[in-house]
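Structure incoming, see below.
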Amino acid sequence: MNALFSPELLIATLALTSIYALVALGLNLIYGSMRLLNVAHGEIMMLGAYIAFGVFTAWQVSPLISMFGAMVAAAILGWLCYELLIKRLSSTPALVQRIEANSLLVFFALSVILQNLGAWAFTANARSYSYMDSLVQIGSVSVALNRLVIIAVSVVATAAVMLFFRFGIAGLAIRALIQQRDAASLVGIRADKVNRIIFCLGFALAALAGALVSMVESITPFSGFPFTIAAFFVIILGGLGSIGGSVVGALLLACVEVYGGALTSPAYRSILLYGVFIFVLFVRPQGLFGRRVA
Amino acid sequence: MTTLLQVRQVTRRFGGITAVSDVSFDMFQGEVLGLMGANGAGKTTLFSMIAGNVAPSSGQILFEGKAVPARPDQASRLGIARTFQIVRPFPGMTVLENCMVGALYGSGRERDLNQARRICEGILEEVGLSAQMFKAAATLTLAGRKRLEIARALSTHPRLLLLDEVLAGLNASEVDEALALIEEIRQRHSLSIIIIEHVMKVLMRMSHRIVVLHEGKKLMEGTPSQVGSDPRVIKAYLGEKNVRAA
Amino acid sequence: AEPVRIGFGISRTGEFAPTSAGPLAAYELWRDQVNAKGGLDVAGTKRPVEFVIYDDQSDVGKEAAIYEKLISNDKVDLLLSPWGSHNHFAIVGVLEKHGFPMVGSTASSLQIRSLKAKNIWFPTSSMPDAHGKEMAKMLKDLGVKTVAVNTVQVGFPMENRQELLPALKEAGIEVVLDRQYAPGVKDMTSTLTEIKRLQPDAVINLSYPPDAILYMRGAREQDIKAPFQFLLVGPTAAFFSKMFGANLDNIVTMGHWSPDKADWPNAKAFFEAYQSKTGEAPDYLDAVLAYMSAEILEQAVAKAGLDKDALRKAISSETFSTINGPVRFEGVQNVTTPTMFLQFQDGVAQIVHPPEMATAKFQPKQKWEQ
Amino acid sequence: MSVLLETRDLCSGYGDVQVLKQVSIALEQGQVTAFVGSNGAGKTTLMRTLAGLLPTRRGGIMLAGHTVDALDPPQRLALGLSLVPEGRLVFPDFTVADTLRIGAYAPHARAGWRARAEQMYELFPRLKERRNNQAGFLSGGEQQMLALARSLMSCPKLLLLDEPTLGLAPAMVDELFAILGRIRETGVTLGLVEQNIQTALSLSDYAYVLEDGQIALSGPSAQLLDSPEVQASYLGIREEAASVS
Amino acid sequence: MNGVRHSRLAAWLGLLAAAAIAPALVGGYGQSVLMQLYGWIALTASWVAFSAMTGYISLGHAVFYGMGGYLMAVSWMQLPILAVLLLAGLAAAAFAALVGLPSLRVRGPYFVILTFGLAEFFKYVVVAIESSLGISGRLLLGAPDVLWLSYGMLVLAALAVLLVMVLRHSRLGVGLWAVREDETAAATLGVPTTCVKLLAFVLSAILPAMVGALTVLRSTYFEPMQMFSPMTSFTIVTMAIIGGSDRPAGPVLGAAFIMLLSEVLWSRMPEFYMVLLGVLLLGFVLFAPDGIVGKWMARRNRLGGGF
């Protein structure tokens, strides 16, 4: 099967990996550091996507510029969301006890609200625009420029977040918080401040992903959910909180999608994808790079 | 005297660390065996292996001649009960409900809920927790939680009880009371006990024999007075100053 | 006069809300137009139209209950249809139980023949079997020798594939590639590489919009040169042309309507009215079918009034004049409108087949914009 | 000598339960103050309230001249107060090395954390051996050492210790007290909750005896050690004491 | 104590009687709504019997529901309905036993997403099977009247609530609770954790399959993407948490509340009811963590009603 080694497939894998990794990045922060099941992640992406779309359609401003605006808007939303909802969720003992179920519901509610407010504000119609879609020749393969841009931004954003975690003490502080709240505060970590930053950053990264994805996919207020799922798969495959792990998770998913489809049939794509996910968790319940928790 | 427990050349490694290394000893029915050793000597790990929480890397543990399975629930069913050094009560349950779990599933295997409740009420009375019976376990003080560990272990109707530093955090007079309590419990339930404690007075007074671990290996085994005067033990564990105290 | 109350359920929220938006807008357009003309002609008297709309939340389980409620609680005078085949199926039982006639819209499936229902009709002319036969005929006419077929595993496309393959065989056209893919795929590169290698004369994508996007993007990047490139559902949606612009030119798609068809006088008017109402072009498919179903109902009511039996009889027997030309039903099916195909030419969807209906001549796909 | 920490009529508790009832204490700069009392007397509650883990209900806490009742633990840490909590509260996933690193999280403690970590390894060689092991898997005594080391990483001026000898082997207890002695010599003020009353009183300058959430007795340690009340209720010399009174 | 128990039993029986009479009194639409309500109660209570008891939040109960629907669609007109119902229950139980063993090793958020993944996996397997059979959606003609279906659902709902009641006051229930609190400690006290978790998982799978089977008879159309929709799972969790998952009354109140609310809002304010639903959901989670039942009990206790 010579086709398997074709550069087209390689680039497709790369492009898909970068989208998955980018989409997972914001979720990784919120989920990996606070164990909150943010099922509204995709909706926040859509928020970013709509901002990019709206700004482009109205004023022809490049999404590469408006994405910063989208990030700021989402960060504000994150801040509000933290102050109004999550603070209470993570400080009321009765709520913390079932933090999984409760966070699931809070974010589920948030996603329902965002979807329907979105539908009300923008109508449910699918939207799209075209930007930077000229073809670029790389060797024998030609790729749309916007896909290359996504790869580049994804690499930069992932690397930045990774460095932040690896070399700053902030990463440790985040992990300390989730393990032992009292002890964390005794060593001087202010849960409130750290969590607020995480929320703003996580939401901003989601919006960034949305703004970029809007260049290559059509968007509707209701199309966030598949992204949420993809993001969860990526970070769980990689192991919670491990940014490097989630890049590998993204790569694995992309490979299954591209090469799995090529080897068998695209008909089995979803079965393969979910199958691999289930298999990995059956074999390694803590994800590929997760550490077993004491 | 019949042999209750045989520990045979048991080793447990964690990655590069050998927590317990080639330890063997026997224990008789009705005996109180002390387990002594510096921090990190492997005492708790040994308990975990006897209670089935951790599987030995090599070696064998026999309880009444049968190999102890590496599954805590099955070990409990055989009649082995342990307390946790770092206590782990069921925080959302009341003290009574904590105990009922053991009564229903331990080697007593009581099937009737009301009967289990009565058994547990008796046990809580014995360990002095009856006043707190309906309080959530999370509200107990540390000492209270240690008592609860004992009560829970007892509720499984064990024959071998493993006590891991249950007296830590008590003051001198409380220790005296607790010692009397444990002795009483031992006789009433005809238990055999292995006890880990860093308070010398306890080991010296309670145990019939003491096994000393040092860096995972068995350093020696003997009566309290033999152990207390052994120079190796003094060097490795007690520190010169405490010899006189003991 | 007392208003005529017309009820229907439609997805305003949830995953089908985007696709339901077109039909909903078409219904509302129709209502506004009728009311502007002084109301609905009910066997001679004009009465204003009032809608009773329920959101089915994209949950097919809710549809039957909604129509039950419309009929027995709200006691509406007339019904319009929800969006999508599955929702049509879900309410057939209710319609039969109450003997309440309803003109269907956006449903197409061979299974409707097994229905033997007396209270529902389907105005589409893109029934899978006719669609397959017509497609084979068109390809043969164009001199196509080899095709690649690429199908998404969803009801309607799959039924189409099943009818298309034997028809191609009969027409002596070789199927060099027959791929299926699961809904939700995110990449189509391997299939496209294969198509590129095989160089068929025609690529037939029995697709839905999300995967139609993948095809368009990949085909452009890999420069698929087949002169005939077909996408089942997708290209007529407004967002599609925004995304692909000139690249959409010469892509063929399903559809039996064009605003440029001169002998359907209202077609252009509908196009313009819809565009001025929503700011977007109608999607040539769902919005048109929805509008047609309302027109048919309108004309049947003008003839028979609101009596259910008279109405049923009128719908079953009359010929109606719609934006899509004359429509007459036999059984549940539209038997007058032939199966057609659309092709985008200079950004406008033109009917290119069959020749007697065509508004423009087929043009081979020549190039992708760089 | 000045007072570093002072409470006035401090009240605190959990939910409907009022545990501390009008506790007034003072910790002198540079001294060791011991808190003793039977089980459930409220020692841990007092420590948690001082550190800010529990809110003050009534009364007030003054730390180094500031009223700190409204401050959270990190803010009190910034003023130099560090607590070694009961039950250790280690971060189970962290390695020993990570734990020490995070111990120096407070801004004033960040500089020179590496050197301080090395000091800790010297104080507790056992931790050095285990530096890359997860804290959750350490033995009970090792965790206790780790908790103390973590606290020391934050350069405290006032170190509160809630039963730091819990689970330590006798030789290690001696070692610990020796270490505390040395820490004290560097000018750090110590507040010590300890069950071994004899040791506690012999090592401290001043002591408070808590009973049922109140200060039952207080005074210079040497004096308390000789008091018949203390002997009776805490040193297990009941018979003699009973016959005396 | 006994008096309270008797009065509570009487309340439940009264509720059951009312639920049994209701379908006969309301029209076709009312019957549809009641049928859905009973269905949701059965689903939610079944979920509570596993997830609330063990703390393993399953986001995959749609798989059992869909499985039941699929079996009914496949065997329509070939087997009697009752037989299919039993078969559906058995099949779901078997599937739960099969996947439960490896899944239940996974904890916390991992389990949540794993169960979601399992449900989606199964959905796409069904999609592939149907495609390879050349079938695109199955139409079920001649299904029983909604009145009968609503009675069927009522039986399932009653059984599911009964399951929760019996579990709560049983030995198994205590074991599950211990697992929820601390699995290691539970095992050390003799609870065969894997066994009890698996048992609860299997028990909680049976009734949802039957609910699915009846539901497909109502919609008369089976299509895998619809029948296995993850929204089902989300709705179940929502109802359980809103009602309060610690008591058998929780699922009933939760399902009834959400159904009622959406009935009221749905026709009054079509544009905003989903938004409002979301806001209410937020309010409930944040301000009534023990659900409606919890709030209600707290009020009663405060008023001195206690028991």
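The first chain written gets the first letter, and so on, giving A, B, C, D and E; residue counts start at 1 in each chain.
Going forward, contacts are C-beta pairs under 8 Å (C-beta built on N, C-alpha and C of every residue); 3 or more make two chains touch, one makes a residue touch a chain.
Which chain is which protein? Per UniProt: A, E = Branched-chain amino acid ABC transporter permease; B, D = ABC transporter ATP-binding protein.
Note that the coordinates shown come from a computational prediction; the quantities given were computed from them, not determined experimentally.
Following the contact convention of this document, E is the list of chains adjacent to both chain A and chain C. With centres taken as mean Cα positions, chain C sits 75 Å from chain B.
Chain D and chain E have CA centres that are 51 Å apart. Separating the CA-averaged centres of chain B and chain E is a span of 43 Å. Chain A and chain E, compared by their mean Cα positions, are separated by 30 Å.
Shown for chain A are the residues in touch with two or more other chains, namely 115-116, 267-268, 270-271. In chain C, the residues that reach two or more other chains under the touch definition are 12-14, 153, 180, 182-183.
Residues of chain D found to touch two or more other chains are 137.
Pairwise chain contacts present here: A-C, A-D, A-E, B-D, B-E, C-E [touch as defined]. On chain E, the positions that touch chain C within their shared complex are 27-29, 32-33, 36, 124, 127-128, 131, 134, 136-137, 139, 141, 143, 146, 215, 218-221, 223, 225-226, 229, 231, 266-267, 270-271, 273-274. Contact residues on chain D toward chain A in their complex (touch as defined above): 51-53, 72-74, 77-78, 82-83, 85, 89-94, 98, 101-103, 105-107, 109-110, 134-137, 150-151, 153-154. On chain E, the positions that touch chain B within their shared complex are 169-171, 174-175, 177-178, 180-182, 184-193.
Of all residues in chain B, only 14, 17, 37-41, 43-45, 85-86, 139, 141-144, 165, 168-176, 198, 200, 236-239, 241-242 touch chain D in the complex they form.
Across the interface of their complex, chain C is touched by residues 3, 6, 8-9, 12, 16, 19, 115-116, 119, 123-130, 134-135, 141-144, 216-218, 220-223, 225-226, 254, 257-259, 261-262, 265-271 of chain A.
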